[in-house]
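Note sheet for the following structure.
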Amino acid sequence: MRRLGLITAVLFGGLLAYATPDFPDWGDPRSPASTHVSPYYIQNSLADTAVPNIVTAVLADYRGYDTMFETTVIFAAGLACLFLLRNFGPRAVESRLYRHRPTGITLRIEQGGDLPENSAEFERIDSQWVPYDLIIRCAGRLVLPFIQLFALYVVAHGHHSPGGGFQGGVIFGAALIFYALSHDLRSTLGHLPEARSLIVAAVGVLIYVGTGVLCLLLGGAFLDYAALAGLLGVDPVMARSHGILMVEIGVALAVTTVMVSLYYYLATAGRLDEGL
Amino acid sequence: MWDDFVRLAVAKANYWIYIVLMCIGLWGMIVKGNLVKKIIGMNILQTAIILFYVSIASKAGATLPIITHHGPGTDSIQAVGHINPLPHVLMLTAIVVAVATLGVALALAMRIHRDYGTLEEDELLAMMREK
Amino acid sequence: MIWQLEIIILVLVVVCAVGALAVRDLLGAAILFGAYSFLMCLLWAIMGAVDVAFTEASVGAGVSTVFFVAAVFRTSRRTRD
Amino acid sequence: MSVHYPALVVVMPVVAALIIAILAWVHPSRALPVAVAALAAAAGAAAMMLVRVLAHGPFAYHLGGWPPPVGIAYEIDHLNALVLAVMAAVALINLLAVWPQAEQRFAERTVFFYALYLLFCAGTFGILVTGDAFNLFVLLEITSISGYALIGLGRRDAALASLNYVFMGTIGASLYLLGIGYLYLVTGSLNMADMAAILPRIQDSRVVTAAFIICMTGLFMKMALFPLHGWLPNAYSQAAGPVCSLIAPLTTKTMIYVMVRIGLYVFSPQFTFGRLDLARAMVWLAVMAIVFGSLTALAQTNLRRMLCYVVVAEVGYMVGGFWLGTRTAMTGAILHIVNDAAMTLCVFLVVGTIGHQLKSDTFDTLRGAFRRMPWTMAVMVVAGLSLIGVPPTCGFFSKWYLLGGALAAGHWGLAGALVFSSLVNTLLFFRIFEIAYFEPVNTGNYGHAAPLRYAEAPPAMLAPMIAAAMGLIVLGLLTGEIVTRLIAPAIPAAIP
Amino acid sequence: MTPVLSVKPLLAILLALGLPAVLVSSRSANLREAWTFGAAGAMLAVIASMVPAVLGGACLEWTLVSILPGLALQLRVDAFGLLFALVSSSLWIVTTLYSIGYMRGLQEHSQTRYYCFFALSLAAAVGVAFSANLLTLYLFYEMLSFATYPLVTHHQDGEARASGRKYLAYILGASIGLVLPAMLMVHHLAGTLDFTAQGILDGHAGTSQTAALLVMLVFGFAKAGIMPLHAWLPAAMVAPTPVSALLHAVAVVKVGVFSVVRVMSGIFGADFLARLHLGTLVAVVASITIIGASLIALSQDGLKRRLAFSTIGQLSYIVLGAALLSPSGLSGAMLHIAMHAFGKITLFFCAGAIFVATGKKYISEMKGIGWAMPVTMGAFFIGALSVIGLPPCGGFISKWYLLMGTLEADRIALLFVILASSILNAAYFLPIVYQAFFCSPAESRFERRMHEAPRWCVVPPVVTALASVGLFFYPQPFLALARLATGALLGGP
């Protein structure tokens, strides 16, 4: 196997190396890739879509259909993880651990047991519980709003600067994952339960597809945002710009929630009880 | 001869690196027996391709594909002045695809570990043969 | 663009890739893979692909690494090669 | 509305999948009607497109309203209208046939099964209609990811088989992506027609050669051509029955379609068959695939595994026919894409049903099957005859063209392999029929013949299966129409 | 020949093809058999109604569907095909009659299945007879192979399984391995597969190609039982006797030789074969089979096995007759299809009747049986005479034409082959009759008294035996059709 792997890799590398001398030089502005289709985007995207970030314009408009499926791919990955990992069966008989905050004593309550009386002083903990760390918790609490704000900025400002729905969505998702890591999974699940997360993901993709269908119903081609002009009361160019924003929001919603769901399933091996 | 070689090496440095990375990834996927290692190899392979595409996009002396200030007409925007945006768009999609594949692959690996208690390929094969 | 910097990053990328595959601890491999992704993202940023670099920074170096770590935590760190 | 069919055929399943993913948490029982409706609508749209192509010739659809090299275009021509119509019908029939099985098999997961099923179908349909090389990659990944998930939740070793498939599939898809990158490097375009217009000018470049080889290798991995077929038997035989009868007909056939599309419509036939001298070697590889697949199938004792190797051999048929590069053989290869999809559906449906009703699919299970499930076995006989190549089932006619093409081209190796594989298929299927016909039901207590338990599938499963079997004969009788009106215009005039 | 559009050939096939649907849904055995009779009678009526038109020089055509460009599933009724269809459909009625007696007498299982596949076999046989091109013929030929498989393996035991396997291995192996490639080659060379009077290969293929194709096609139709591809026929004897009758007389082997003759005349063309001297090749192969099979038959003790080898020899008469490429030879070959069918079916009916009545299978057990079952053995005697080719039986006429044919073709060696084999025929048939009537039975004190078989088993052999005799005196429809067909193919009277 080792030899086979080496031979395959070397043969393959040889094939690639064989072709490389015929490549245009790196950074050559006269290469076909830079002269055939791409100049159109560079020169016309602003006039066509009123979006200065050409990548966003191409991503969400000229090749918006690709991006729709890109979002669908992410959604499919979320579904796939759910399908493969999620534990649907009856929960195994489990004991729950509680910690008495003032004393630090840990209680194990078996199936069917009740909490002690003054339960406000108890908190539920994971079986692999790491002692309370003030710095991480506080820093987490502190940083989190800024990350989320930044994520929203990235989504909203994707027209003018690097970023867009996908990046913003991932950052927002990462913020939630960070919350789960710095606190525990239960608190994240409390804010964004599994079902809600996946429904929002589906709704996110539906916003994208729905925009496309809306264009189609309004007489344009699928995803031809210019058709939205009448509905939005703006000229076709601005309609494209708004259309791009709409789908970016859809992408952001889908990506955020799918990332979080993926984390839920992977970190708990599908049981959705205790995180890392 | 030597000069040609150096010219070839320098002018296409990124392309050579991507070939190396691609071979490393492929080699890792074939040779490594641990499933997580194979998944890492798979990701290296995918990022190598992304590097290749990004290298296509670059243009000497051009700036980012974002139009910061522009005149009234489209004529003022010069194609040579901006990096080719198309490969970037494609690669955004490719990254997403890569992370989606990663998620599914890890999920499968976890299922395998749940069923067999190991991630080593030879041990898995031995167990399959036993049953 | 400082070409020396670029060369260093290119070399480091290869080193990280080999390291991620060679190291005998899956957690270490996951972290090295994160480093690899981050270096890659730097490389792309240098080449002007800001959007791609941005995405790779959040996905490759961020979320993917978390996924790897999560998977390794839930399975095993052990590897024989 | 009729203008929008190309987009709708892909979008409708996606929308349905999303709706189902939402319904899963509110109204799980509504999922099935939504799925069926979406697939029926997609199949209807596919049929309408077929009619339109027949009446008015090829047409294109510009997504987002952008003309091709700038935007993404869907291009419907004779070739993909035909394949799409059949694939959509296959997906619909399969869903109708397997849902009772799936609901038992997947329990609470069934809803998500439907969603992934629809995403898989959407990806497949998209691959068939797209005219953009990169869009094809994205759709391919949708298909793959939902496919990985569906396969992964199968039998005991399914997860491992599926992960293996993930590795092979990802390498394949990555190679395809790399090949497209190479083409983009030298053409600057991603649209297939645009590339095809530019490529003849630069076909001496090493990059084009490398792009061709890389692309094709990636596709060969995805379609499980002989030395790269390792993932297929495990993945298919470990998958759950309802999944297997979806993935087996669609995946490999779709990839062969892509090979035909890339080989004929992106690269010119002169390049594909002339420039590299690869064609000759490929035909011999196909011959090896056929012989290997057939012989390995003989060695199996499990029905499903046996059929997996038959699929490997069938891939050889189509690859061999394509790379022969003559008009007749090409007709045979394209016809076989369609016919094989139908045959594979039929035969895997039967195997799935047997596996579901009798709880196993080793040969032993089949004892007395003709009495226990007569209708299912009747479908099996039709499918078997089609795989053997007996008229008037459709398998005969594609074999007719393939064999005719091989003989006309004087390629005795391929002709011999085709005949050999037909004979082996005869052996394979009559071995099964013998067991099912002659041997008493295996009851476990020897000597005492237990009363025969009638285990026929419920009508809800039988009806689509019988429809599929009828489809085999109808496709066979329509061969003349299909060949003259659809396949002949689809093959470029440059092919002799 | 003037082509006439007519739906009758399709109707004839559909009558048999649609029968299983009715049979499966009919509840009682009586109803089922009534339906079978009805269909058989209707089919014979339809086929017979085509005789005047065909004798009048027309040929009836019906195109089912254009299945490949330039190639249709097409039916065409000409004199030769009609002759064969007439034989098959008339014998179907008799065989059904006999089946009722046999199957009920032995209380066989799965009778519905039996009648269904019997009907399908008949549909296929008539389809072969009416095929207008090689593709249609191949379709029905394969259909016949599969439809007869459940009949051959009717008993569903180990022996049936083994012979079923052998049966399919020979028949399918040859048809897929030889006929299919040959057919494609012909299509590639000639561009068509239609049967025409002059053949279609003339001018399109070289000598060696033609020889190769001829060998592939003659051996490929393994149902014709030409050595060495004959071994399936004795093996298939495990089937119930009516099935043997179907195999030997009504459908299967006759379809084989019919296809061979059809291909030699319609694809290659008599002139073309004569010019390349390829007729001799086939004639030699057929002669070897004739003599070889007759010699083997001598040494067989099982009655049905002896009959089987006799059939193998007799089939090659037909091939030989066609290979002579002379008018009388061809007429003789065609007539022999009919005459041998009536003779051989009588013999099988008798063998079955003996089995039903006494359970005896071996010739050595049948001493003195003649007095216990005089009617049966009388019919057997007449059948044997017909197969040997002695007057006053129909077999004499066909053999006479065959002998004339050898003389016309100026091949004295073949004349002697036929004569020698006739003597061998007599040598293996007449002792049976002799022993049955003139030897006293072996010690039979403990055996139950032998008596005549059930009525349903006795009437059919008597009918066919009488028909054999009748054909000697009035061979008209068949003779006229054969001469007409010969005229069309060879251009002479």
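Think of it as A, B, C, D and E in the order they're written, each chain with its own count starting at 1.
Operating definition for what follows: a residue touches a chain if its C-beta (ideal position, glycine included) is under 8 Å from a C-beta of that chain, and two chains touch if they have at least 3 such contacts.
Just so it is clear, the model here is predicted, and its values are computed rather than measured.
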Review point. Among the other chains, which touch chain B and chain C together?
Key: A
Practice item. Moving only to chains each one touches, count the minimum steps from chain C until you reach chain E. Key: 3
Study note, to complete from the structure: Computed over C-alpha atoms, the centroid farthest from that of chain C is that of chain E
Exercise for review: Could you pull out the chain whose C-alpha mean position is farthest off from that of chain B?
Suggested key: E
Check your understanding: From the C-alpha centre of chain C to that of chain D, how far is it in Å?
Key -> 37
Review point. If you average the CA atoms of chain B and of chain D, how far apart do the two points sit, in angstrom?
Key: 29
Practice item. Determine the centre-to-centre distance between chain D and chain E, using the mean Cα coordinates as centres, and give it in whole Å. Key: 43
Exercise for review: Determine the centre-to-centre distance between chain A and chain E, using the mean Cα coordinates as centres, and give it in whole Å.
Suggested key: 75
Revision key, fill the gap. Residue numbers in chain D touching two or more further chains are 134, 138, 141, 145, 148-149, 152, 159, 184-185, 190
**Study point:** Touching two or more other chains - residues of chain C
**Key:** 50-51, 55, 59, 63, 67, 70-71, 74
Practice item. List, in ascending order, every residue of chain A touching at least 2 other chains. Key: 16, 21, 23, 31, 33-35, 37-38, 41, 53, 55, 63, 66, 70, 73, 76-77, 80-81, 84, 162, 166, 262, 266, 269
Check your understanding: Pairwise, which chains touch?
Key -> A-B, A-C, A-D, B-C, B-D, D-E
Exercise for review: Note which residues of chain E are touching chain D in the complex, please.
Suggested key: 65-69, 71-73, 135, 138-139, 142-143, 146, 150, 153, 156-158, 160-161, 164-165, 168, 172-173, 176-177, 180-181, 184-185, 187-188
Check your understanding: Which residues of chain A touch chain B in their complex?
Key -> 1-2, 4-6, 8-10, 12-13, 16-17, 20-21, 23, 25-29, 31, 33-35, 37-39, 41-47, 52-55, 58-59, 63, 66-67, 70-71, 73-74, 76-78, 80-81, 84-85, 160-162, 166, 262, 265-266, 269-270
Practice item. Could you pull out which chain B residues touch chain A in their complex? Key: 8, 11-16, 19-20, 22-24, 26-27, 29-31, 55-62, 64-68, 70, 74, 77-82, 84-90, 92-93, 96-97, 99-101, 103-104, 106-108, 110-111, 114
Practice item. Give every residue of chain A touching chain C within the complex, in rising order. Key: 53, 55-56, 154, 162-164, 166-167, 170-171, 173-174, 177, 181, 259, 262-263, 266-269, 276
Review point. Which bits of chain C are touching chain A when the two form their complex?
Key: 50-51, 53-55, 58-59, 62-63, 66-67, 69-71, 73-74
